[in-house]
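Both of the next two complexes hold chain A, though its partner changes from chain B to chain C.
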Partner chain A sequence: MKRTWRGALAVVALAAAASLATSGNALAQANEQFFPVLVYRTGAYAPNGVPWANGYVDYLKLVNARDGGINGVKITFEECETGYATDRGVECYERLKAKGPSGATTFQPLSTGITFALTDKSFTDHIPLITAGYGRADSVDGSVFGWNFPIGGTYWDAADILVQHVGKKLGGMDKLKGKKIALVYHDSPYGKEPIALLQERAKLNGFELILLPVTHPGVEQKATWLQIRQQRPDFVFLWGWGVMNSTAIKEAVATGYPRDKMYGVWWSGAEPDVLPAGDGAKGYNALVFLAPAGKGQVHNDIVKYVYDKGQGTGKKEDIGEVLYNRGMVSAMFGVEAVRKAQEKFGKKPLTGEQVRWGLEHLDITPDMIKKLGMAGFMEPIKTSCDNHEGAHAAMVETWDGKKWNVVPNSRYESDLKIIDPMIRSSAKKYAEEKKLPTRDCAKEDGA
Partner chain B sequence: MNIPRYVPVAALSALLAAGLIAPLATGETAPGFWVEVLIGGLMTGVLYSLVALGFVLIFKASGVFNFAQGAMVLFAALAVARLAERMPVWAAVIGAVVIMIALAFAVERLVLRPLVNQDAVALLMATLGITFFLNGFGQSIWGSDIYEINLGIPREPMMVLGNVFEGGVLVNRDDIAAAITAVLLVGALAVFFRRTATGRALRAVADDHQAAQSIGIPLDRIWVIVWSVAGVVAIVGGVIWGGKLGVQFSISQVALKALPVVILGGFESVPGAIVGGLIIGVGEKMAEVFLAPPLIKAFDLAGGGIENWFAYVLALLFLLVRPEGLFGERRIDRV
Partner chain C sequence: MFFRENGQFKSTYRADMQLLPIAQDRYFVLALVAFAFFAVPLLVSDYLYLSIINPFLILTLAAIGLNLLVGYCGQISIGHAAFMAWGAYAAYNLVQRVPMLNFLVVLVLAGLVAALVGMFFGIPSLRIKGLYLAVATLAAQFFTDWIFARVKWFTNYSSSGSVSTAPVQIFGWTIGTPRDKYLFVLGVVIVFTLVARNLVRGHLGRAWMATRDMDVAAEVIGIRPVYAKLTAFGVSSFYCGVAGALWGFFHLGSWEPLAFNLNLSFDLLFMIIIGGMGSILGSYLGAAFIVALPIALNQIPEKLGVPLSTAMASNVEFMIFGSLIVLFLVLEPHGLARLWAIGKEKLRLWPFPH
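Up next is the complex of A and B:
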């Protein structure tokens, strides 16, 4: 009998403790902003996924440790491993979208394939997708894609800037006539995204576009590079990700294609893309947007407030790498969108819909960039309902065997005369196909 | 009317041979370039063969289709690459051999022994489990970056046969090293199977488990040995692939290309693994370079490389005309 009483008491005590813990947790959650973190730390794309994720998470930790959250609202976050697979990305989205007192703030899947899948869901779930430097190029048009934010650049910008750069190298855009440009691309929504723009440019500038798809994960490129050897293009544009990038450079070495005629998109221009190729990568070029490699005040703060307290996500020596910085800047967009939205909705946990307002009113000026400790790491950004991108510039950098060096006078802005009509027409087509209502951005931006 | 069994095989072989020389015969390509694609395909085929050998060895000795062979290649390559950061490559290879033998013991003790006399499907599922374990565990302990195995072979290509073909033929030194290694490995395996007592015991087990046991051949020891040999073959494959492509998770996925190789060559045949690898390697490279562009143009396809699925189509075709594979043993079940 005595035993039964003891058992019952223990159960009651446990239940009471659990309920206290839950209510305490609920109280603590009341002033928290939840950031879901979709990452890939394992699998074929982990070499690139890990540094981005480390930069992203370290920045969230910094805002909590240094500033006590966003205007006093603590950031909470949870990682979910997607393995860069669309199905797993959607699974993570479904699991995390309702977490936190006000639901997920924003999703940043770091995958164009996952972005394509989540775009359809965003129309009903009303959670913004920040796709800084990836995703759908036509999602710049916020009148149709109300929840996508390809902040800082799209693949159409990237492809256009690369064409401008090689045109300039040849001595003028007219010199592109009769030239051959090969696009070696990851055979996925990501790799296919620049094709429309390059086909348009090929028509305009008179060059021949050779399309060479590489199947996932991109380690078998022998046939691709044999075709390059046969067709001898004047330039190769590389649209790879993960191990595909270093393999492409190695195959270029093996087939004798000059690396200084190879240009990668900004996702083919980080340290994991060139280091495995050793000296063979010398002279290889890639685009850089938003965040080149290097360190500034924000990195010092990350070391001081996060790493020195034993809270660092990755290795201290990896801070400042290209993809680390890009993850960090991507996290900053989410944080600043919340901060902006708090001006309108109050300093409390905000819903995805409220954060969308913040994302459509981002105005990251040079002064603000300096205040953020990110001087030299990004372009000023100004978004609106009509323009979810906010900036459309990039630079070219070259790998010297040890580090990336920005090519002097290589900052370009994409040609909106070509791109904007493409964006509008593609977005309109999408809205018609999906029977989506469109927003009157002239009215919303004017308000 | 009964058609002799060799007729469909001969017809398919003739068709493939015609496809192989078509680009050359139609003058669509320069002979030098055709030879380059051929060599590229053969060299890729050698790499596939090295993985396929591991599949064949285990299947021969235990009747288990070891789905984990690709993961073993990755695990072995990761072990060599990470150990080589602290010691010379040769010492790292020895370290990896020790690790793979330990793995063979663990597999025999923890997976095979408890499942003895179970269905082949149960054993296949067990090797699937080993695959996931090795892929995850390998990345947990060794990391998921791209790691280098520097074999000291220059990467710059060589031009050969300049006096035969205009502009010469491009050949890579690491491909030649891979081919020589594969030949030496097959030679060593042949000696091991034919000239050593253990090798003969392995062959006896392969022929008939029960008969082998009845004359005193210990099955558990044989399994450890054969998994160890497959582990060493995985090291050779992993080092060559890793030296060429860098060591990363994707190696285990590409290693799955060994599946069509063993389907084509036969599950129990070492020569089949070699010949099958070469046919798949040449077939897919030729198809990607010469067949894909006209196909995409003619049918206005959305694009996409065909080499990945072409290997499986080729294997399926052979499966239709010769289910046991080119060199496999024909099974006749009497009812």
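Up next is the complex of A and C:
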């Protein structure tokens, strides 16, 4: 017995020593751009985390295999498992931030909770955070949030667009008066983000907002749907993630709530969300902001250069899923930001600070989208210091039981008249709370 | 051989009653503290500070707090992350609303707020015991989760319910870098460890232990259970409150109510069970085990050059971590601190065991 525990102790001690002794001593290799990849391939959110991560990594592999890197600078990357937990996400960040010859390029945590925590660190570490379609809505304001880039849309845009869509469906925004809209949300910063805007909209358009929080991980929603049964809202907005989405749809079936009156945010509108609910999911709607499902030129390239060479990250038949495409487009933002920044700083490994310049000067035109092979998968993006978002449009799609179909004429732009003042005042409050210095964007954008 | 107190004669009561009566122990601990203050800052990278050492120290403080209650007073609580939350939100609100307060004062006030809440949730312990009490303390956890998620005042009306903090300044020292945070947290933890050591051997600690061992007997010899149990809850929550404030300000920086959920309560409980109940040292060992081991396990395959996928590596981490917990509990149910004590005992006799 004595031997056993001594042996065990020795193993543990050795293991701990081995792993702690070497950290952060990145090899100084030339001409490589390091992309940290925060993923969650395990845990309650894995069904959604895996396709996103596969798309992200596949795109990086594609750029290396097809173009030999970004203008000759090879991409290196390393995955780190966060499990969607904030503390592990921060640990991963600290583990990866100094790797590569010039440090981490940009972090994309795919978690609003981790984004909140990393935002804090970005002010001292100067590594940009790309949070395409998630994160803080007020981080559009680059004068305060110097390092956050919610490219393509925020939750305030999403909520605004959903209200516009149901308003249009009713035959005009004035018809919303007296209606009831229930928000079924993940009880975390992610789910709470849209509330501020919906309350503003409720005041403006005169509908009643019912807030129904669902606690992590969201498999228990009986009480929530009982309330929906009692209050009979005219529409249900779903702000879920992972198993919470499919559970909500199943509960809606059980409660008999019509699925065609349910609208999910863009994180509640992928294949893993509807497939478990089977036929019951038919008619369910969700937003799509960057990449809808489907395949284009870039997917062919990925198959040709990555999968056919046996380098694929996931399964070949999963290419082109909603979340896969979103991961791919997210990776593309990072790559294009580096490419843009290389115009100014030279074709060499770039630091986070230099990459930020690229991110603030992104101008992805329709021509460029075509060249990237992503025609039909994204909106043109144009960012600046003052506007870290670049685009604020989305479409609505419906699940027909087999695939997602975009609803015709459903492209909306969020109403900046409502959102912009909210962003500015929220960002200002944040800066005051944190005693942060702000940048003068008028000067930076002019220069 | 090395560890024999032969020749160390105590000629005064004072000398006999000091915290570490054996000279070797004393020198070892002093050397360790000196090492922590002077050598660690020269050796350690930012990653180690932020991911392992700082969380380890802060959770040690919380584990000591929980140990005072569970290990010394015998009252089980599975809601102690709630008191950390009270400490963290109290500190956040004090810093936001009364900005002229020194952070040290804020820490103490945060602890006091947590202590009050802790004593309130300790009231059921006067009537119920054991597992029933454990379930009652769950109420503290769920009530706290609920109140910080729903009452907007506590989070200063932040739209997402997440709060964030500015770097702390004390007497003109801005505690911003990982090393500064480490030194500050280390100082706080050492002070509170000393206080805890003294508390448990004083009349309060004796009252707690008497209550733990047999509450009827304790009552017969004149210990008031109300007093013993509520002070245990109060002091224990005070420690957790301070730890919570440190966790929020020096480790997380910004947090949501989810940061102090039931999982953290369980982690704290595991720390003291694995580390050793009724032992201050056990709190340290347990916290180290729970904080550092998963992260180390997660990195081992990569460091050894074993090509494991990310998902596989983290599943392996869970499996090994779980089996190590079982292994330690089977081999030494009294925890790591007991292993250490056995080791010391053996050293004393070495090289001539019976």
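Here is the rule we use: the second predicted complex is superposed on the first by the 419 of 447 C-alpha atoms of A that agree within 3 Å, B and C clash if a C-alpha of one lies under 4 Å from a C-alpha of the other, contacts with A are read in each partner's own complex, and residues count from 1 in each chain.
Please note the rule applied: a residue touches a chain if its C-beta (ideal position, glycine included) is under 8 Å from a C-beta of that chain, and two chains touch if they have at least 3 such contacts.
Because the structure is a prediction, the values reported are computed rather than measured.
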Partner chain in contact with A:Val303 - chain B first, chain C second, else both or neither: neither
Partner chain(s) touched by A:Arg136 [first = chain B, second = chain C, both, neither]: second
Touched partner set for A:Lys192, first chain B, second chain C, both or neither: both
Contacts of A:Val355 with chain B and chain C, given as first, second, both or neither: neither
Chain B versus chain C as contact partner of A:Val90, first or second or both or neither: second
A:Pro276 touches, of chain B and chain C: first, second, both or neither? first
Chain A residues touched - chain C or chain B, whichever exceeds: C
Touched partner set for A:Thr124, first chain B, second chain C, both or neither: second
Touching partner for A:Pro213 - first (chain B), second (chain C), both, neither: both
Touching partner for A:Pro47 - first (chain B), second (chain C), both, neither: first
Shared chain A contacts, counted only where both chain B and chain C touch the same residue: 41-42, 46, 50, 187, 192, 213
Residues on chain A engaged by chain C in the complex (per definition of touch): 1, 4-5, 8-9, 12, 15-16, 18-20, 22-24, 39, 41-42, 46, 50, 53, 79-81, 83, 86-87, 90-91, 94-95, 98, 112-113, 116-117, 119-121, 124, 136-138, 187-190, 192-193, 195-196, 213, 216, 426, 430, 433-435
Interface residues, chain A side, partner chain B - complex: 41-44, 46-47, 50, 187, 192, 211, 213-215, 217-220, 222-224, 226-227, 229-230, 242-243, 246-247, 250, 253-256, 272, 275-276, 278, 280
Complex contacts: residues of chain C adjacent to chain A: 45-48, 50-52, 55, 96, 149, 156, 159-162, 164-166, 176, 252-256, 258-259, 261, 292-293, 295-300, 303-304, 309-311, 313-315, 324, 327-328, 331-332, 339
Contact set on chain B toward chain A in their complex: 29, 33, 36-37, 40-41, 43-44, 136, 139, 144-148, 155-157, 170, 172, 174, 244-246, 248-251, 253-254, 284-285, 288-289, 303-305, 307-308
